[in-house]
Amino acid sequence: MSTLGIVKRNIERAPAEAVARLQAFGVATVHEAMGRAGLAQPVLAPIYEGARACGPAVTVLLQPGDNWMLHVAAEMLQPGDVAVLGTSSDNTDGMFGDLLATSFRARGAVGLVIDAGCRDTAELRDMGFPVWSRAVNSKGTVKATVGSVNTPIICAGALVHPGDVVVADDDGVVIVPKLHAAKVAAAAAARETKEAGTRKRLASGELGVDVYGMREALAKAGLRYFDDEAALARENQK
Amino acid sequence: MSTLGIVKRNIERAPAEAVARLQAFGVATVHEAMGRAGLAQPVLAPIYEGARACGPAVTVLLQPGDNWMLHVAAEMLQPGDVAVLGTSSDNTDGMFGDLLATSFRARGAVGLVIDAGCRDTAELRDMGFPVWSRAVNSKGTVKATVGSVNTPIICAGALVHPGDVVVADDDGVVIVPKLHAAKVAAAAAARETKEAGTRKRLASGELGVDVYGMREALAKAGLRYFDDEAALARENQK
Amino acid sequence: MSTLGIVKRNIERAPAEAVARLQAFGVATVHEAMGRAGLAQPVLAPIYEGARACGPAVTVLLQPGDNWMLHVAAEMLQPGDVAVLGTSSDNTDGMFGDLLATSFRARGAVGLVIDAGCRDTAELRDMGFPVWSRAVNSKGTVKATVGSVNTPIICAGALVHPGDVVVADDDGVVIVPKLHAAKVAAAAAARETKEAGTRKRLASGELGVDVYGMREALAKAGLRYFDDEAALARENQK
Amino acid sequence: MSTLGIVKRNIERAPAEAVARLQAFGVATVHEAMGRAGLAQPVLAPIYEGARACGPAVTVLLQPGDNWMLHVAAEMLQPGDVAVLGTSSDNTDGMFGDLLATSFRARGAVGLVIDAGCRDTAELRDMGFPVWSRAVNSKGTVKATVGSVNTPIICAGALVHPGDVVVADDDGVVIVPKLHAAKVAAAAAARETKEAGTRKRLASGELGVDVYGMREALAKAGLRYFDDEAALARENQK
Amino acid sequence: MSTLGIVKRNIERAPAEAVARLQAFGVATVHEAMGRAGLAQPVLAPIYEGARACGPAVTVLLQPGDNWMLHVAAEMLQPGDVAVLGTSSDNTDGMFGDLLATSFRARGAVGLVIDAGCRDTAELRDMGFPVWSRAVNSKGTVKATVGSVNTPIICAGALVHPGDVVVADDDGVVIVPKLHAAKVAAAAAARETKEAGTRKRLASGELGVDVYGMREALAKAGLRYFDDEAALARENQK
Amino acid sequence: MSTLGIVKRNIERAPAEAVARLQAFGVATVHEAMGRAGLAQPVLAPIYEGARACGPAVTVLLQPGDNWMLHVAAEMLQPGDVAVLGTSSDNTDGMFGDLLATSFRARGAVGLVIDAGCRDTAELRDMGFPVWSRAVNSKGTVKATVGSVNTPIICAGALVHPGDVVVADDDGVVIVPKLHAAKVAAAAAARETKEAGTRKRLASGELGVDVYGMREALAKAGLRYFDDEAALARENQK
């Protein structure tokens, strides 16, 4: 019954074509294209500006203060993968640094999302290995207790199944279920096309309330315009 | 009696000349020049290094998870304004992104202070549109419930009336009441002049305790100097 | 009995040679070399990327909202020192800015670790004066109540004695007791040498589980590998 | 221009009759009756279960770590008043204990709302003197710097003018502007009457969606009912 | 693809017998019996001491600041159910009070776990309707945007499927997957039996290191005993 | 050099007479009597109202998520001791429950201060075994890595040496260095005597500003009294 002590060697990854298409989009766009779902909480931040990653998730479940499973996970990584790490309780210890990044990169991984701490950030920046973490923290960890690799995990409030697509950039991290990856990519593309038109109109000075036709709904929802403070005061005295 | 559902079209803005003078000063200087008042809590951070804005406030009050009023606010913005947003309860959803920034800029706004989340931060950085926010967050919002525009709001613990001057930089955000804007600008200038002299003396190696003449007050307040650990130990044994 | 109102003029600093050797190492390495000790909590962050400092600590104990002792501390600073500040209760007011930095630099100090707030961050960045702080905050402070200089303090959960070595970089802050400074430098060097070899092996694609010889211990700790989801399901049904 | 160093001896208090009527209502009811406004953030909690207070506010503005103004405020308290305290920056020091409570009670005050810490909680519970605070904290404070009494303050995100009505119970703290106190009391009474009828219907098993007539609006907003998982799966495959 | 706007009328609940057996155990015991899984984060607290609930989950997904779906959920509640609420982003508004509790009780529900705020806590305590919430908060909510009922949700970091068993007491909240409910109940019973024997031995003064036979493992893990400070000092000098 | 893996069997405890005298005083009084020092941060709370403990500290240093050392510590406890626990990094796992409490009580311990989580709180309340913890949390822990017993630790920001006196009540936790225990007890007694006289005067309606003779100092610090709003407005216009 336990969810600990398990490594799944082979997982079904989201279709490569869908992953490739998702790489074109930012986190906010993908999240909206999913019907406003899939977002990790905004406690995860990239360790450097302009970080970006997109790939299938290899999931890792760890105990607080123990990064043993990251070494186990390395063996399961394939080129293009993004490792995603959850812990069995809140922990910000520095579980990942430049040695593990060297190993992950040698395996072909393109990034890490870690609901814990990260260290050696200057070296990781120099390597160009992108990490999204809850904290920058040098605290060392032990290697004493097993967790799991490639079981479903919760990372910063987001449910992640192995093989789901991770999209991460300056704005955070979003998880796309592998089954929906193609549909989400299509919806994201449609959204971008539509937004391009809107952007042009807004840039020309048109107002959103007109572009989106909001005036009637605003009035119905009770919005009232007053010319100035005096007009509002008169209304309040009625 | 409600403070929701209200838009004031015309507000009295701080005198343009006072706003122009305040643009020369940093947040810390302005805050000190106000007698150590007006500061927003340090939960607001600029989305990029070197961000800077100064202008009259157009205030926006929003519901958590609902950014509808930002579109309503766009119509009220005039060239040089800074939009300032408070929410009716704590919320970090991503209420502002590059489309709204495009619209705000088209209206002449020079920045946004938002006691909530911001997204599309890479695009905003590229545009050079400065935002101070409580979080970077891609979480999408709805457009279902009205708030208000140009009523007094509380933003990160600071009271903001429409037309007050917002000064924001790497050090945070300070709000200058429009009535006092000219006086504050004058006091800030005086402070800078005085600090320039102090800086020169400190740079030359003079000590603050001498420059500011603190030694007597320190002694009166009970400060005692000991040559070393042994001297302190002797004193403690008395 | 009180720990307030005390200034010790002369302190024993860690040996200069040990300080010089420690300058070559990052925070994570030093922390590991100490047996995973000495780390300040990850609430302290550098005010600019790439900040780095290493030197003997001059300690300062302050009251919340009162930065008077920083001026007293300036007189005790010697070339190469790092000022380290703790407060008698949680406080993030902006206790340090460019004027104090000017004074500290004139005294030869090479950095500040402050368990409180810092302001004038743009100016400090331009000066290249590194500060690690709990917050960026413009809030001004008073000069009314005495604290202490060069007594033992707790800074972000780390115990600091005057003269201990402070090592700080992008990854945080670690405190090395002056008595152990030489031993820690030696252990850090040994660790780096060993890691260089490991890095090479990992970069070539060898796995950590093999490099570190973990497979037996993992099995003993209960780790089980399954070929795929189906294999795991079969096991769970047993 | 400074907001510090000011004591106003005489303030206009909300009408006694309105205060008396508001005493009958809970915080949630009063907040709703104000159009969902006036609430302090839920960081304030009563120091004992069942605490309750209602009365005009005497406001106090303090520096972090300094409770001097509470003694100044005592002189301004009149029978039935509630003291409300804000600080110039975040602070949870133990600014109030049983001695001050003894003094406040002798002046006729009926409670304290403090955006900081409180101590001697067992004694206060025994006295039956209700306090809403941000923390229980024994940390002692100094008496060195002046703040203000009876100027507008912000307490836990709520704007409080002297003389406004404070209503506080197990659910938190709400501030009623003195000008609106009578109207709010009337609206609260109307709300309670209406809720009594609703409660009866809900208790009998009627559903809120019917009592409030929500079904049509829910459908319009896009809510869809599915008999079971299978029905939902069929829909998703379309 | 969206996870919003969905209500599932019929769900498979955990077997009644397993639920009945789980009612006998505390949260800590159940969590251990699951192999240390299923726990909600300790941000949820009961609104009164001694609160306790155990029953199948009816899940509710809400938007921040909007409690509309709680009325929709009422219709789906059956006798013995526990409602469990997650939000699409962090929110502590007061989404639940005595009116909804009246409705939920009329439907037979035995408790609520809400990853948001709760109000009318005195009335709920008087009713004996147990609620575990992230905050006590009077903040009112709107009814404008749909969420979902009886879809999988994440509540305080725990994954909850409709029909899973919720066990909640003074120690927090744990979720038992419906498929494993019977096995977990059996494991919990076994654990309690074993602990009863251990408790007796410990109460008699036997040491845990002996009862559990830890001495050898401790020595192997590197634990060393020293008679006193002097012995330790001698060792450190070697 | 490492601080882990060490158990000191024999420690010097504060004099029994001093401990006995300190039992008469509350945390706030003891903290003031120490010159406002020694306080743990207000993140520690008793698990039940009215909890109280006073005794020499047996210190325990643990890894996050690992409570092994608590069993080792049990053997070092003597009648009257209070166990005090720090962790090597932030952790709120449920490290202590009713089994360990049974063992601790059998050894004569009178309480626990734990900078981590506690579970089985209902049972502990029934036993009357007082615990001050950072969280109530059922999360189970492992027994895999050694920490230390009876070495100096930092617990919630307070430095604790083995044998120091722990005083804990509803207001928090304070640590009295064993060397100063007698002096602190004397100072606490003196403080209580003095406060008794002050309390009487305040209860009779005398004002603190008169009892403490503050009026002159307040004026000197810049406090100005205004009869009313109009008087203040006139002053501001000058």
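When the chains are written out, they are named A, B, C, D, E and F in that same order, and each has its own residue count from 1.
As a convention for this text, a residue touches a chain if its C-beta (ideal position, glycine included) is under 8 Å from a C-beta of that chain, and two chains touch if they have at least 3 such contacts.
A quick note: this is a predicted structure, and the numbers were derived from the prediction, not measured.
> Supply the minimal count of touching-chain steps required to go from subunit A to subunit D.
Shortest path length, in steps: 2.
> Can we say the copies subunit B and subunit C touch using the same residue numbers, with more than half in common, or are the two sides different?
Counting which numbers both chains contribute, under half are shared, so the two copies meet through different residues.
> Among A-B, C-D or B-E, which chain pair copies the contacts of D-F, with over half of them the same by residue number?
A-B
> Of the other chains, whose C-alpha centre is the longest way from the centre of subunit B?
Relative to subunit B, the chain whose C-alpha centre sits farthest away is E.
> Could you work out how far the Cα centre of subunit B sits from that of subunit F, in whole Å?
From the centre of subunit B to the centre of subunit F is 38 Å.
> Just the number, please: Cα centre separation of subunit B and subunit D in whole Å.
Using C-alpha averages as centres, the distance is 27 Å.
> Mind checking the centre-to-centre distance between subunit A and subunit F? Centres are C-alpha means, answer in whole Å.
41
> If I count partner chains per residue in subunit D, which residues reach a count of at least 2?
1, 4, 36, 39, 88-90, 92, 137, 139, 144-145
> Would you please name all pairs of chains that touch?
Pairs of chains that touch one another: A-B, A-C, A-E, A-F, B-C, B-D, B-E, C-D, C-F, D-E, D-F, E-F.
> Over in the complex, which subunit D residues touch subunit E? Could you list them?
Result: residues 26-28, 31-32, 36, 39, 42, 45, 50, 169-172, 174, 195, 198-199, 202-205, 207-209, 212, 214, 218, 221-229, 232, 236 of subunit D touch subunit E.
> Of all residues in subunit C, which touch subunit D in the complex?
Going through subunit C, the ones touching subunit D are 63-66, 88-93, 137, 139, 142, 144-145.
> Under the touch definition given earlier, write down the residues of subunit C that touch subunit F in their complex.
Residue positions touching the partner: 1-4, 34-37, 39, 41, 88-90, 152, 154, 157-159, 180, 183-184, 187.
> Where on subunit E does subunit D make contact in their complex?
Those residues of subunit E that touch subunit D are 1, 4-11, 68, 70-72, 74-75, 92, 94, 97-100, 102-103, 105-107, 117, 119-122, 135-140, 143-146.
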